[in-house]
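Supplied in structure tokens, the structure appears directly below.
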């Protein structure tokens, strides 16, 4: 079996890598806007055009990080429970070996599995999620493991959870967010004001301990990221997302990462280019800060 | 909630109908070629352009058949088992009342649920399936309820099964087909020869008792039906599919029908037009023969 | 006949509604960039993904407003005059009953018919129009009822007219705008400066009496609203349009609304999502202010 | 003003030409499947790739025929009546001078205008039309000049009318066709049988006097001509259309021609290539037979 | 560097392979219809959905043939001469070792390089080419190494050349074909008659010695293979191409193969599926006949 | 031969023009993201919708400038060297006659040829280039005349070079930029800060003598200019590009211009509209300043 490599690098075996790009082309609980199963390959293909030199920090992260692209985790179609178990089986040994995992969805549901494993190693972690939607429903379309419930499942792990960029949620979710401890919301609308934006950065800066970053690409404005299942106008700019990532990495360790929900639009490649660039930027920030 | 009606007719309540068009936008076990969840709506939208007058038989089937378009069965995402149960719950009473059901997928998996219910009323039925693939695998991607296994599940109901138009299958499936009783295969290649074609029509003509027709749209040649998940060259012509449908209806009662696996290509509407036309033709043939 | 409902709500009969979403898939005088006839259905389809809870004001407008989606007004193709008459016949009784009408184009020409009717009830109304083009030509392509003349026809009703977001007009239109009484222009370029933006908001705030809002979607920047017939770079942001709508509703009654000129791009759904969201936001602002 | 030339030839002035390709990008009475206004330019652009040498007859029609591409007739949007008058004004002098006109639509309605003018010069002409639809409605969407009525208007000119390739019509149209004198129908279904095909060719061969050929591109099978407003499966093959054209030209003079109803699909250029090729083939057959 | 494997097999190193699929994403001399550079990857991606079991001969060619997918030959952009030299450098050792090469273009020009190398090993070879165009120009757009000249360059190697499926050529090419020794033409039009088709098969059957097969995908009808730079209506059917390939392999050794000129249409995958299937069928026929 | 005119004006012969829009649909050294060869025609087609009246300066540049659209320079496919020579042959006389040339690519490589000719007349010129990439590689894909090397070749002419909007370059390019005299870089990231932006404008304002402006459209943000070969997020806004153009023209003579690298996305026309608008704005600014 063959698959594309992130950045089209000479492939390192996973066991020799310190960072693993892990494609998870899973899409089974979304009922609208099909296509996230094709997200990982589109991002890997676009990544071949990403310039390796990082013009911001003046280094080549791809040469400095021992990076591997793992074999895609192929979907288990008997239901989301089986799929999440499969993901956990794959990533468990890597997490135990201290590898950094950057997962590429597929639908957002996969984050729940990744965090269940990471929590065993980083019990003091905080979860930071960029998303247009709250994803805090108790259940959706007959399952508690729907993509629309993923942050509810993550929240139930008992760790602090910060959502940024949200601009769409139900009353049920609003009621929960209003009272939930360990929970912090920065709505997209507020991030577009200088004060709201500063408040968010201050909050992120102050997060102690390890942080996991889940990036649902619909957090970005659909003008620059149209290829998502449910585009919501009024989203974050590319520069804002970079700044959030930089702020988190300057603050302390980022111990895992996912980019999810890209559903490629045939013939319109901007979204996957931007996603590939975001992934490389994130890895660059994270490992640059580790080296200091 | 509102949805489109087949043929854009004045909507009849399901309970007053003798034939029910049932949209089932379910897509969860396919791991390639996303989009069948958008198939039913695309077919219903295209059906608004279908001419109601049937130029072949010189009548207006839409006026003669008491026809309703049911509310779509919304996906259950906890796994295919739950979804199939949901479908069965919906169709059971209609089957008991003797209504004719024309289901619009969505993925092929739904056929298994429909047939489980129909068998309770028509224990002597024969299943005729047009498909580019055999769909006879025991299990696929971790589930026995994958779309790639649907005809295996159907076969296990213990009824005669005829496949037409097949041009892609595995060794496992070949081995099964070689020895299976109650099973008949007409490969696409053979249907393109005059003798093979005649043999198939003769076989169909001779089927006794009630027949269920499952039409996976990838049975048609991808030149005229490009919007399917896995197009296979060398498929059936539009005229061939009409002739098969006509032959079955002239022979005896057709007691159920599905059209599945349309995955619309945005901007290229030929496939959904053809599917809508096929559905109307099928209903016309079936009810025309009933009236005689 | 069946059609999609705005927000996929349980359909209320028009006669019981206080607000009516009225699809008018009319497109006959545009000679470039075909497709606005498919705009209303695309917006209604996208509206099914709009979250009902309004996170800005913390309420559910869809539950609070008695809302209906009317049957589309099907095109009359003998010429724009006949079509405008048809529109007037449809909306006249609703306006007399005090219903709020939110029309979905289709081409901009329809606004002229709506305003002719509304003026009979609101003789003191002011018209506010967001548009990339002035649409003030006397005649175009052989007709005074072309979409390129609609604001000229509206202006001739004798009411104050304010245009915002304009960045494209002819010398003829420039000459008119320079001297026209009751007329106010805020060019897109000026709205991108803090002073120009404030001046526009001040002007809107000060408008007395009832206001009608006509939103040609090409007023928005084509980066976020690409699906329009003649995209013009340098347009308004989503946030700007929301702010304009909010300002108008805080000020006094908004008595009618249209969203026009969406020409969907197959496979690229951002535009219709944004349009659906804008319509819901507008209804929310308008009815929220009414309740206070 | 500039426009593309058919075949990208060195442009001959219309007054020096014996054959005039006339683009008429008119689209105003169609209410579904927008885009025929972009048909003429797409065909002209594709024609630049057509090989000038005619491999069937071993000559170069483009060198032998004095050919011009006229300026497009820009749409008149006040209604179809005004547009038809405009077309008549343009073509009248050319017809009087005996020029051959090959019109490129745009919607089918334009044929009515062309034939009204041609009849003045060729009172004994017969009209042959290839179309998936009968277009024989008395009135449609409020106008007698809708594209769905064009053959009814043509029939009313009092000349013999032959329709080929039809596979979609209403009861009203069926009733008319059943009894109409001077009228002959060859349904698509029949053209797919050897006997039906031969009967059609025999009929065409026997038509006396001048013939006008109207080619609605939806007569072709949508597998090879997908870019039409309302694709109907089961259409004519490319070879069949060529044979019909050849048969007509071998028989006697063809005195006018139109290709209508191409609505280009962005990114999928097969339809316009085929249309351009058909136009060149038709001109080649017609002028080759004249030279003999 | 990573690339996709044909059929997604466990990758064999090229040195252990007997057959090498060689992607050559070269596109530099085409001046219309961009995109053949993306052809090889599209075919490889589609090949992952090809069923490995060959239902015609009842075997699994992928298990029987020692097959490798080589690294793509990256374009040399200083001009076609340098690119052809590069291709020759890559394939020379493989040809010397007797490996079978199946090249995936990219533009047709690459065939010239492949044949220059193959001729050194197979001086008695015959070249069979399926193409809509003759590609026999002496020079085009300022180069003798344009894709439009490739068969002229091939003919100059001094070996017999048979073209099938041609339906577009210039007078210059017609003149050459009329008199050229060692040259045989079967026009598409003739292949659509029973006699012409039989004559072609008879001719192919009688070719002595080794045969090279060059398959320009535009030889197929654009209804089933729309994704080519210059689609020409009236092409070969899928079944015809299979029969030609089978006939050649039953006759004697086929010693090389290329599939060229696929220019993928985003979102419309039929063409690459068909191309992938054709490649697998060809390899199956060739190696099946070798084993006998 | 016929081609579209910029703005669809009455065509002026080149010899009578003071400004020449020159389409150069050349694309041969790009190995990714095909389609720039279709850029010029797409821009010319879109330009027909550009309003002639310039609402910023209140004049009609199209009436004031003697403007011609030249015949496209057709590609020479024997290699980039031959193509650049061809371009030089075409433009040399026009430059000698003092005509202003606005070239439309095609790939960026063409700029090198244009500047070699312009330097003979304007030996004191400065080159200002907007680009997402530095294009400063010594050689790429085997050629020193690749699009990725064009600014290196330009720099070697010995004139000052300013790059703006860059956000992607290699270490080799970074090393060069660090030490190069006559070279100035304004990275995109810096242009997004008020200070960086002001510094850039100050620098541009202070450039003495004639300036040539090369606009690689990927300098703009892909949100508003998606149709480029390698989109890079974080680019310039439309307003920024206008301001840069205005600043340069207020400062002193701009003596040449190119817009390159548009690769149209079928069905998504925003990019070509924006490019056409940018070209008209640039010509307006340049000739407006000349008139003062």
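Letters are used for the chains, namely A, B, C, D, E and F, taken in the order the chains are written, and counting of residues starts over at 1 for each.
Note that a contact is a pair of C-beta atoms (placed from the backbone, for glycine too) under 8 Å apart; a residue touches a chain by one contact, two chains touch by 3 or more.
Keep in mind that what you see is a predicted model, and the values were worked out from it rather than measured.
Any chain bridging chain C and chain E, meaning touching each of them, is among A, B, D, F; the list is complete.
Fewest steps needed to get from chain C to chain F, stepping only to touching chains, is 1.
At the interface between chain B and chain E, under half of the residue numbers involved are used by both copies, so each side presents largely different positions. Chain B and chain C have Cα centroids separated by 43 Å.
The distance from the centre of chain B to the centre of chain F, each centre being the mean of the chain's C-alpha atoms, comes to 56 Å.
Annotation: 38 Å between the Cα-based centres of chain A and chain C. Residue positions of chain E touching 2 or more other chains: 32, 221, 223-224, 266-268. Interchain contacts (touch definition given at top) occur between A-B, A-C, A-E, A-F, B-C, B-D, B-E, C-D, C-F, D-E, D-F, E-F.
Contacts from chain C toward chain D in the complex involve residues 25, 27-29, 31-32, 34-38, 74-82, 86, 140-143, 145-146, 263.
Considering their complex, residues 32-33, 133, 166-171, 173-174, 187, 189, 192, 221-224, 226, 230-234, 265-268 of chain F touch chain A. Of all the residues in chain F, the ones that touch chain C in their complex are 48-49, 51-53, 55-56, 58, 60, 221, 223-224, 238-239, 242, 267-270, 273-274, 277-278. Listing the residues of chain E that touch chain A in their complex gives 1-5, 8-11, 41, 45, 69, 266-268.
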